[in-house]
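Each structure below is given as structure tokens.
Note that subunit A is present in both complexes that follow, paired respectively with subunit B and with subunit C.
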Partner chain A sequence: MIARLGRRLVWAVFVVWATVTLAFVVSHALPSDAVRMVAGPQARPQDIARIRSELGLDQSLWVQYARFMSRLVHVAPAGAPQGDKAHATCAPLVGRLHLDLGKSAQQRRPVVTILAERMPRTLVLALAAAFVQVLLGVSAGVLAASRKKTAIDHLAVGVSLLGISAPTFIIGLFFQWFFAYRLRLLPLDGWGDTFMGHVASVILPALTLGVFGAAYYTRMVRDEMIGQLGQDYIRTARAKGLSRRAVVVRHALRNALMPIVTILGIDVGTLIGGAIVTESIFRWPGIGSLSVTAMLDRDGPVIMGCVLVTAVAVVLSTIAVDFVYAALDPRVRAEQ
Partner chain B sequence: MGVAIVGALVLFALLGPLLSSHDPYESDFVRGISADKLPVGPNATFWLGTDRLFRDELVRLAVGARLSLFIGIAATLIATATGGVVGIIAGWFEGRMLDAALMRIVDIGLAFPFLLLVMALAAALDHTTPTTILLTLGLTGWLGTARIVRAKTMQLRNLDFVTASRALGQSTPMIMLRHVLPNVAGPLVVVATVSVAQMILAESVLSFLGGGIAPPTPTWGHMLFEGQDYFTTSPWISLAPGLAIMASVLGFNMLGEGLRDALDPQKQ
Partner chain C sequence: MRSIRRSSELVRSALAALALAGVGCSNELPAPLPSAATDASQPRRGGMLTTASFGDIRTLDPANVADGLVPQILESMFAGLIDYDVEGKIVPDLAERWTVSEDGTQFRFVLREGVRFHDGEELTADDVKRSVERALHPTSPNPYASYLASISGFARFVGGKAEHLDGVTVDGRYVVTFRLDAPDAAFLPLLAMPPLRPVCRSGGTRYVETWHPCGAGPFKLLPGGWDHGRQITVVRHDGYFRPGLPYLDAVRTLFHVNLTSQRFKFTTGDQDILRDFLSPDLLKFQADPRWKPYGEYELDKQVAGLAMNTEMAPFDNIELRRAIASALDREHLVLIRAANMRPANLPVPPAVEGYDATLKGQTFDLTAALEHMKRAGYAYDPVARTGGYPTPIPYTTYSQGIDEYMVQVTMQQLARIGIRLDVRVVDYAAFLALRGRRKQVAFGPAFWTQDYPEAGSFLEPLFHSRSINDEESNNSAFYANPRVDELVDRARHELDAARRKKIYGEAQEIICDEAPWAFTHYYRFYAQWHPYVRDYKPHPMATTDPTRVWIDRVAGRTAARAVFSGDVYAKLFGDGSPRGAPLSRSAGPR
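And now, the complex of A and B:
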């Protein structure tokens, strides 16, 4: 078990490294000039040269890459004074291990600080969306499966097909128009100033992401449940005299939830990487909208930060899913 | 149902531009503008109204349909061919170095933020044309297909007819081509159909975020984006492309499901 976890973690480090390296090459291959984006179109040549050397962009790609990787995760010297200039853009990881992504070219602030600001907001949105997804998806799926071939079933299947086909930017715009503009119930976009403001602001983006995801879950739970309800153990449970509800919820649903756990884990990982479209529509100040602005601004260090967060979240959630799966299913455990 | 929607879409893309005598790129400042200087709504001259530059919405929608369908189908062909080849090879050599290497590439691809890659590639190619978009979508969209085909190939590999043809002395590439490929073709067609829907969606997301084909070429995603600011005064500007995107994605999804049911003997 521990050896397996170790192997998976080593592999995870490799995938993250490869992803970050690929992103580094891609973001440096962009044709437009990052320095121009900082200095503006009217800047004098000597200012451009100065900013270029300040940002280290006058070095060759190899030198830039070597510096980036050597700074990314490094060991700080023991007893370094507080506020040491050499580690001003670092965030401590474990002990003396530091994470350093440099400074944002646009915002002139350490990337780790920006990410630390944005992470909690994206996390809130991810968890709220996952909650909506599971709640709506599982209940609609169970209802449809237990009333197979009735009007309720057809309705659930039809609505979910519609939900799968409606991209988040269409659902999101519709919600904005209906709930924020017509009914004036909820804020149009943003993050809010007070705690209640945050709560009100998260509802629409979370619903947008959740409705789209719930459509998938409904179909999956329905298919799984129909499969389970046809099994022998269900007949046995019914023959024992258990109520219909007990059979559906306690026996069939428990087994049908296995695949949902897999998908949910991966979904949460992706959501933590930032829901780019939804965050952009609702101007939600999280990782997703950050990565879009960073890309449009050619802000290399911030792009790298966003890629790192996404890759780590996806890889870790995949590993977590595997182990949760083993913990839930005795058959998988026995195989290992 | 799926066939009907997709059929209607193809017809609209082919014949739509003929429905209207207007030019998709030309503003009409005489009839396309309302008394209070806003785009006019749907009427007899402009069936779907005009957009924010007073151009005919219907003809732009039809030109956009051609683009969306072309990009969706062409990108799917590239993705399906790549995913199919990689999946069959990886599945056949399951557990060996080649399979491990290919699957690791897929892992990395799936961990990489897809939109970043596409936007970066689009930016790197400077002027984004339909060809660059479909190439980027096609070359990044094969990862899921490869996984599905690999799983299917692994099942097939140990079946009797494969062993038999090997015993008859057929070479590995020959077996892959003559025996494995026809058997994975069913799932491949289903995945491809649903993938057209996803490609149309991806293209519209790209245009919506500003990383797609440059204006004034009409794309559904960009039309929707443009209409966003006029939602309160002229909702038809974004409603038409929004509904078009939804209908086409719905159509291809339903077609894919219909095909799956038709091709899966267990479901019949």
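And now, the complex of A and C:
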């Protein structure tokens, strides 16, 4: 188990390095000028040259890459004074091990600080959205499968089709208009200023993402459940006199959830990488909206930070899924 | 029986929701939120003004003004020696008065005594010199530093060969003098802009990124007042040098608010001034008599057109450029966004000093355009549709901008003189890089917003040969004419406004005739506010100056934070909707 985890983590490091390197090359290969975006569309060449030099962007691509990689994860010298300028853009990882993504060319703040501000907000939205989509998707899927070919089944399938077909910006705008503008029940957008404000603010974006994701889950759970409910072990369980609820929930649903676990893991990883459209609609200050702004502004250090967060989140969630899968399914455990 | 009742309730609710959606999607605008006392003339202190933008600010330092939104926030936090009033005239601000030497190279400013920074320290002439040097120092990322190159000793200071800027001298505790190498008509307009505004001593002598912004303006930023990427709230500076001002307790600016959300926020009173409109909404606001008294255009500060690279074929052919300039029906083009765009015939917008309404400029004349095509060697017969330029001309534009729409109309208009376009769309960042690169973009959209309200702010960067570079060329038409260069330089050194206008006029006539650009439109923003926002007038440079604005609001529409706080059914079916009368909530900061 430990050895397997170690192998997976080594592989994960390689995947993250490859992703980050590819992103670095691509962001520099684009036919645009990051310094022009910093200085503004009307800045003069002499001012642009000065800012380029100040940001170190007048160096060759290889020098910039070497500097980035050497700083990305490094060991700080022992006894480094507090507020050491050489480590002003770092975040300590473990002990003297530091993570340094440099500073944003646009905001002129350490990228780790920007990510640290955004991450909790992104996590809140990702987990809330995952909760909504699992709750709605699994409930509707189970209900539809256990009431197969009834009005409830048709309604669940129809609604899920609608959910899949409607893009998040339509769902989000509708929720915004209905719940926030017309009914004034919930905040229109933003993050809120108090704990209750945060809770109220997350409902609409989480619902938007959740409804969209739940539509897929409904269909998947329904199909899986119908398959499981036709299995011999279900017939045996019924013959033993188990209640309908016990058969559906304890036996069929547990097996039907296996593919959901896989998808959910990847979904959470992707959501941590940012729900770009939903964050933009609801002005949610997360990683997604940060990625878009950084990309439009060609803010290289922030782009690299967002790519790193997304890559790490997806890779770790994939590893977590593998282990959860093994924990849930004895057959997988036996194979391993 | 129970299930039947449930079903009927479900159906009724579904129908009600549909009906509600229909009502909500109607074209009618809700009424503006009234002021407490419509005839009150005595300003009331208190309250918070909320504005919003789809954009964001990057830094809050006068020495690094790198986006279009931040000047309005800097305007409220940092007072300058001089400033623009709402009519666009330069007026004293921190300076009580100033004198100019006869040769126009020395500006002597006498500061007001007793002016306090946000941290309570007194502002003196030393602070002015320190702030100027801080903003122009080579380690400062100031994108406007080179605009101040006329100050004596600038080159040595920026080149790191001098510790101090010789051209700025302190002649007493409250007297500071600027010396220029030569007379510069742009100096005062530039000084009125944010970059050289005095900053607190905590700002130091060099730009530091971690500095907490602190100036001598009417509002100050408290720690934690700026939530990056989300909003900024500045509060009243009680030590502001103008007695009794500002009236507001605070000003809040929200960032990244999309246009639909801004419309929702504005009509419910969660946002007090609206400037970013969906195009149909703007027309509705302007047509609605209830809203019309509370809306106003800002000054035209932006010119747009089609830049033709004079170093690249086919635009090295002056007659072809003239043909395109004559073929554009600008009245038709501006219909794309009629509420914001006005037809442009000159490079200098009407609100800018140096604009001359008597100049003819470029005008739509199809017959003349066909004649120019003939002289260019590409005669076109519009009846037989034969002739014209033989191959499609590459046209490089950017996505998600208004030009994406304009180019479609442009293509139709140029087809009438036998010119076809091959449109290539790139993203904005790539477009900015490509257009400034030598021999890279033959034809494409061009636009320029005034850096300071003077014709030179347009003519020098866009049409002077000095602005041509292999990379990052602001003269994206790569247009060079020694006569234009000479006129623009002469105008910059001419301090007499009437003579300067005449010189700029001659330069504009040449530019319009030789057509490195085909000018298309001037762009102007429109601001809409609620009646309870009093004494608001768009600022000519900074968009919003909240110094004299006050709030006279009886019934604020606070965002409904309490879930199910009211009768939801009544809100759905009754008059609890935002289009009804204001809710009876108390006035004050929201």
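Note that the second predicted complex is superposed on the first by the 332 of 336 C-alpha atoms of A that agree within 3 Å, B and C clash if a C-alpha of one lies under 4 Å from a C-alpha of the other, contacts with A are read in each partner's own complex, and residues count from 1 in each chain.
Note that in this section a residue touches a chain if its C-beta (ideal position, glycine included) is under 8 Å from a C-beta of that chain, and two chains touch if they have at least 3 such contacts.
Values in this document were obtained by computation on a predicted structure and should not be read as measured data.
K.L.:
Could you tell me if A:181 is touching subunit B, subunit C, both of them or neither one (first, second, both, neither)?
P.N.:
Both: A:181 reaches subunit B and subunit C.
K.L.:
If we overlay the two complexes on their shared chain A, which of subunit B and subunit C does A:290 touch? Say first, second, both or neither.
P.N.:
second
K.L.:
Quick one: is A:316 in contact with subunit B, with subunit C, with both, or with neither? Answer first, second, both or neither.
P.N.:
A:316 sits against neither subunit B nor subunit C.
K.L.:
Under the stated touch criterion, which partner chain does A:306 make contact with: subunit B (first), subunit C (second), both, or neither?
P.N.:
First partner only, subunit B.
K.L.:
Touching A:127, do we find subunit B (first), subunit C (second), both, or neither?
P.N.:
It touches nothing on subunit B or subunit C.
K.L.:
Could you look at A:50 and tell me whether it touches subunit B, subunit C, both or neither (first, second, both, neither)?
P.N.:
In the superposition, A:50 contacts subunit C only.
K.L.:
After superposition on the shared chain, which partner residues are touched by A:170: those of subunit B (first), subunit C (second), both, or neither?
P.N.:
So A:170 only meets subunit B here.
K.L.:
Give one of first, second, both or neither to describe whether A:41 is in contact with subunit B, with subunit C, with both, or with none.
P.N.:
second
K.L.:
Between subunit B (first) and subunit C (second), which, if any, makes contact with A:280: first, second, both or neither?
P.N.:
both
K.L.:
Would you mind listing the overlap between the subunit B footprint and the subunit C footprint on subunit A?
P.N.:
The overlap between the subunit B and subunit C interfaces on subunit A comprises residues 30-32, 173, 176-177, 181, 280, 296.
K.L.:
Please output the residues of subunit C touching subunit A within their complex, sorted ascending.
P.N.:
So the residues of subunit C touching subunit A come out as 20-21, 24, 56, 58-59, 64, 66-68, 138-139, 141-147, 158, 209, 227-231, 254, 256-258, 260-261, 264-265, 268, 270, 426-430, 432-434, 436, 448-449, 451, 461, 467, 469, 471-474, 559-561, 563-564, 568, 571-572, 577-578.
K.L.:
Name, in rising order, each residue of subunit A that touches subunit B in their complex.
P.N.:
15-16, 18-19, 22-23, 26-27, 29-32, 161-162, 164-167, 169-170, 173, 176-177, 181, 273, 276-277, 280, 291-292, 295-296, 303, 306-307, 310-311, 314-315
K.L.:
Considering the complex alone, what residue numbers of subunit B touch subunit A?
P.N.:
104, 107-108, 110-113, 115-117, 119-121, 123-124, 126, 197, 201, 204-205, 208-211, 224, 228, 231-232, 235, 238, 242, 245-247, 249-250, 253-254
K.L.:
Sort out for me which residues of subunit A touch subunit C in the complex.
P.N.:
On the subunit A side, the touching residues are 30-34, 36-48, 50-51, 54, 103, 106-109, 114, 117-118, 173, 176-178, 180-191, 196-197, 200, 280-281, 283, 285, 289-290, 293, 296-298.
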